[in-house]
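Okay, structure first, notes after.
Lettered A, B, C and D in written order, each chain numbered from 1.
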Amino acid sequence: MPMLQTLGLNKRFGGLHVTNNVDLTLEAGEVHCLIGPNGAGKSTLFRLILGEHLPSSGAILFGGEDITSLKPFQRIRRGMSVKFQVPGIFKALSVRQNLEIAMQHHYDPAVLAEEIDKLLEFLNLTEDSTRLAGNLSHGQKQWLEIGMAISLKPRLLLLDEPTAGMSPEETHATGEMVKRLNAQGMTVLAVEHDMAFVRQVAQQVTVLHLGRVFAQGTIDEIVANEDVAAIYLGQTTAHETAHEPAGAPHA
Amino acid sequence: MDVGTLAFSALYQFGDAFAFLVLSACGLAVIFGMMGVINLAHGEFIMCGAYVTVSAAHAGVPLPLAILIGALVSALVGAVVEILIIRHLYDRPLDTIVATWGLSLIFTQGTLIVLGSTMTGVGTPFGSFTVGDYSYSLYRLVLCGMAVLVIIGLYALFNWTRFGVMARATIQVPHMAAALGIDTRLVYSLTFALGAGLAGLAGGLYAPTMTLVPTMGTTFIMEAFVTVVVGGADVFLGTAPAAAVLAVVKATMTSWYGQLAGQIGLLMAVIIVIRVLPRGISGFLLRERA
Amino acid sequence: MRKEIMLSTLGLRAGYGGKPVLQGLDIEVRQGEIVAVIGRNGVGKSTLMKSLIGLVPAMEGSIVFGDKPVEQLSAFKRARLGIGYVPQGRDVFPRLTVGENIAVGGMRAGRVTEADRERVLGYFPILRERWSQRAGTLSGGQQQQLAIGRVLVANPQLILLDEPSEGIQPNIVQDIARIMVQLNKDTGVTVVLVEQNIDMIRAMAQRCYVMDKGRVVAELTREGLADGEAMRRHLAV
Amino acid sequence: MNALSRFFRRLEGPQTLGRGPGFWVGFLVVLAGACAYPLFSDGYTVGNTVYFFTWIFMALGLSLIWGYGGSLSFGQTAFFGIAGYAYGILTINFGAAYGFTFVALLFAVAIAALFAALLGYFLFFGRISGVFLGIVTLSITLVLERFMAQTAGPEWKIGAARLNGFNGMSNMPPLTLPWPGGDIVLYPDVQLYYVVLGMLVLVYLGLRILVNSPFGNVLVAIRENPERAEMLGYDIRKYQLGTFVIGAALAGLSGVLYTSWGQYITPSSMGMTAAALPIVWVAVGGRSDLTTTLVGTVTVLAVFQALTIHGSQYALVVMGVMLVLTVLLAPRGLIYALARLVARPFSKRASNGQPGDA
């Protein structure tokens, strides 16, 4: 049974058709990346899956259960977890408190402190545990939020641009972390721009464009796809032959 | 009583309630719609307009002019308040509520200290007329007309003038308005002054119909709040329809069970509307994103 | 190409809160140039545009427009000096009509003259068709044309164009690129372009700055722009 | 045993400013001073001091709702009034024998809490927040005041209790302790002082435990970032509703104590001015901490009373000015700002000295 399935998902805002008949299937245990140009509807699809928006039509199945009309916290309790693009952390609280709030209902109070310590170490934030989360560096904030997300021990982890603003080394480290979590059995859906990251982690890639599923396949299939190149990746081969814009000035 | 007089009576009650709701609320709605600020000193701007109007009338100024002076003085006070206080709090809406409440305390008590617990009013002009067995105040009809005029005037101001278009642009996307050369701070100051001025106008218009006491603002604010909450952020799509709907509720409840019932009816209406349409009538009409 | 410098920054540090996103950034744009700024997501390209127009405060360093330091001026004053800003995501006023949007754009120069309006409509004829429609109901491509037309109507000397291709169909992207080049030729307007779409950069830009971590780390000439390998490396695609 | 010690360890934690031995020594000194105070004063003055104390419960409740939870309620005095009237109606009808006044106290507080639960359900489950919450709660308070103000006629009575419209109810029995050899009637005097002081200490410590518990963690998380809190699987509406009810119960407790202290309650205790006062105390003190709220409330009340004695008219003007200035200059509260200033050198040393939290 697929971990997550969207069936004919549509979302309109006023006159804008942001998500257009999207069918997406995530098999249990895979890392699936969602790519596409800015404004392709990735974030909206993400929020539909989370339940922050309700779809105009269509259905969402999670582990076979219809969750289309469930509230976000109910989906979280069924085993989803999310890391947002802009780190959604509690800025005025310490790093430790952030994790405590995330974890307090999932662990026995007797071992909670110990579990927090373990996670802090995993996130490389041990030395910053008493700092206010708002004072962390950008990358550290991203890490903290990933930590809060995985501390719920989700079946499905949703990552919205997890490496935005990270250096190449940090990006790579994040990729390794995602692979480790996947090896432990976690299914991951990531929206990402950074193709190096996608190449590093993805087993399946879906390209969204203008709210529709434009292409789907493995990373190699996607990279080889000329249509994808035209709208998004801008591959040189495709570009220099067929896609020279009409008005380009000549050198 | 025949059907005609009955209908007239109902219409008169409705018009009276509608005028009161529109005039109480429009100043609050302009400020809320433009800046997302709920001005808890709104009642005190109304009181200010009423006091200035009556003082001017006592000094021999004709009533219409006196009302205008009342509105202008309120607008001026509003501009000063915006510059001294509100301007610094735009990113903290809850604190703005708290600060304007502080202002409300200062104004109410300050007026009590300086002018005493009550002020001699002016009589209601125009007298009355009878339809069937009942007599009606002509001035109430004037108020009704004024309410309609205010709505039309605001519509014209926001749609057909340079300031109006600038102001609407500023509400919708403030940073972009600034990036296109609009002095958004000035727009905010003027808008706040406009809202305060409209409150003053309401005060001036109702001054001849009520006793002037420093706490008279509280007579208006509940109605004003309720109208704005039910209407949502848009003055035209929100306040006017909300006032119409609420006027029916209020007029019906009032004529059946008395004034308090009218207010309780309003309160029930607001709780129900807020539960069903969290962004008010205009939010529903516009179906804004998110 | 004329030599006068239209816009320059020196050691510009800017950003929100404590930590600046721009960390000592220097650029120099000459009058009549179209200069692109490229770089990965999150390196501060949009912050640069916002700090040039004044929506993000400069903490340190200078921004000179023409011969006037502007880093202390608020956004509306910079706009009135002749900087036109077309933001990422377009930010048209959704509940104003197309005509009203154009009118707001013209306000810094007083009223919109007949001639200016016709000039803009000449470049973007679609706006004439949609003149009394609410801007929020336009498609992305139409909104982008409106956003450009809205600054154009006030005859700016410099246009800041932030990711104009974002979320727009390829053919309209090509249209916009063509029109901008035409505009540049016709009026000599200077353009700073932030973009990720390689086609668009090549179609428009005469020169290109590469940004990383809030600084300029490389500069590409027109020849450099043609080198696909280098471009892809810098965009890290 | 383990669970119990964990429970008491929550007396201090990241959600409360005062911690460490220094704070608790100070706390005990102040408490000892408060206990000894009646020895150095006369019964009348002590009775007056109780008047101050009665308000603090409402302030602490508002601190919980607004300062910790981030929802601004202007309706605390509505719950205050409801409980006050309920106490009056119950005790006038059933008298004070057999400790019934304390049963009435519990009933009155429960009625206020029930009303809050009903109202809160509509508000929070309708996702009302921010300024709207303030407006609706204020409107309800004002309508309640007007309702009570028009109950002057003889038809407005419940059992033997006349509501008396604008003049309010009076002559209900004060709290009465059943005691072998004769009930102790708690008039505003030393005995009442100790009873209320005891309640105050219990409520204060109880709230400290609450805000440092998992519940308090979630509450603060909702204030900081409701979306994230929801994405951690918390039904934030339930937490907000729970907090609102607790805050209302505390306001109700204030209402009962006030009513029994002065043996009267009037509609104006729910009016615009009355509703503004809790906001002033809590905002000026520092809403996001229980201790600063408590200290702030006592301070502002003392200043207010001093002003009232020396120029009663100006007291409210000064309150208004204080509120505006606090919002503009010390948004987190004056006492809070002071406390941070004093605590800074200590907290630095603490965080350097011992890694992890204390």
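One rule holds in what follows: a contact is a pair of C-beta atoms (placed from the backbone, for glycine too) under 8 Å apart; a residue touches a chain by one contact, two chains touch by 3 or more.
Per UniProt, the chains are A = Branched-chain amino acid transport system ATP-binding protein; B = Amino acid/amide ABC transporter membrane protein 1 (HAAT family); C = Amino acid/amide ABC transporter ATP-binding protein 2 (HAAT family); D = Amino acid/amide ABC transporter membrane protein 2 (HAAT family).
Nothing here was measured: the structure is a model prediction, and the numbers come from that model.
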| message | Taking each chain's centre as the mean of its CA atoms, which one is most distant from chain D? | response | C
| field | Two chains sharing the most C-beta contacts | value | B-D
| Taking each chain's centre as its mean C-alpha position, how far apart are chain B and chain D in Å? | 33
| query | Where the centres are mean C-alpha positions, what is the separation of chain A from chain C, in Å? | reply | 30
| Cα-centroid distance, chain A relative to chain D, in whole angstrom | 44
| request: Provide the C-alpha centroid distance between chain C and chain D, rounded to the nearest whole angstrom. | output: 55
| said: Could you list, by residue number, the parts of chain D that touch chain B in their complex? | reply: 72, 122-123, 125-128, 130-132, 134-136, 138-140, 142-143, 146-147, 150, 271-273, 276, 279-280, 283, 313-314, 316-317, 319-324, 327-328, 331
| remark: The chain A residues in contact with chain D across the complex are 50, 52, 71-73, 76-77, 81-82, 84, 88-94, 96-97, 100-102, 104-105, 109-110, 129-130, 148, 152
| task | Mind listing the chain B positions that touch chain D in their complex? | result | 32, 36, 38, 40, 85, 88-89, 92-95, 97-99, 101-106, 108-110, 112-113, 215, 218, 221-222, 225-226, 228-229, 260, 263-264, 267, 270-271, 274-275, 278
| said: Going by the contact rule set out above, which residues of chain D touch chain A in the complex? | reply: 2-3, 6, 14, 214, 217-218, 220-221, 224-225, 227-236, 351, 355-357
| remark: Note: in the complex, chain B contacts chain C through residues 162, 165-166, 168-169, 172-173, 175-184, 286
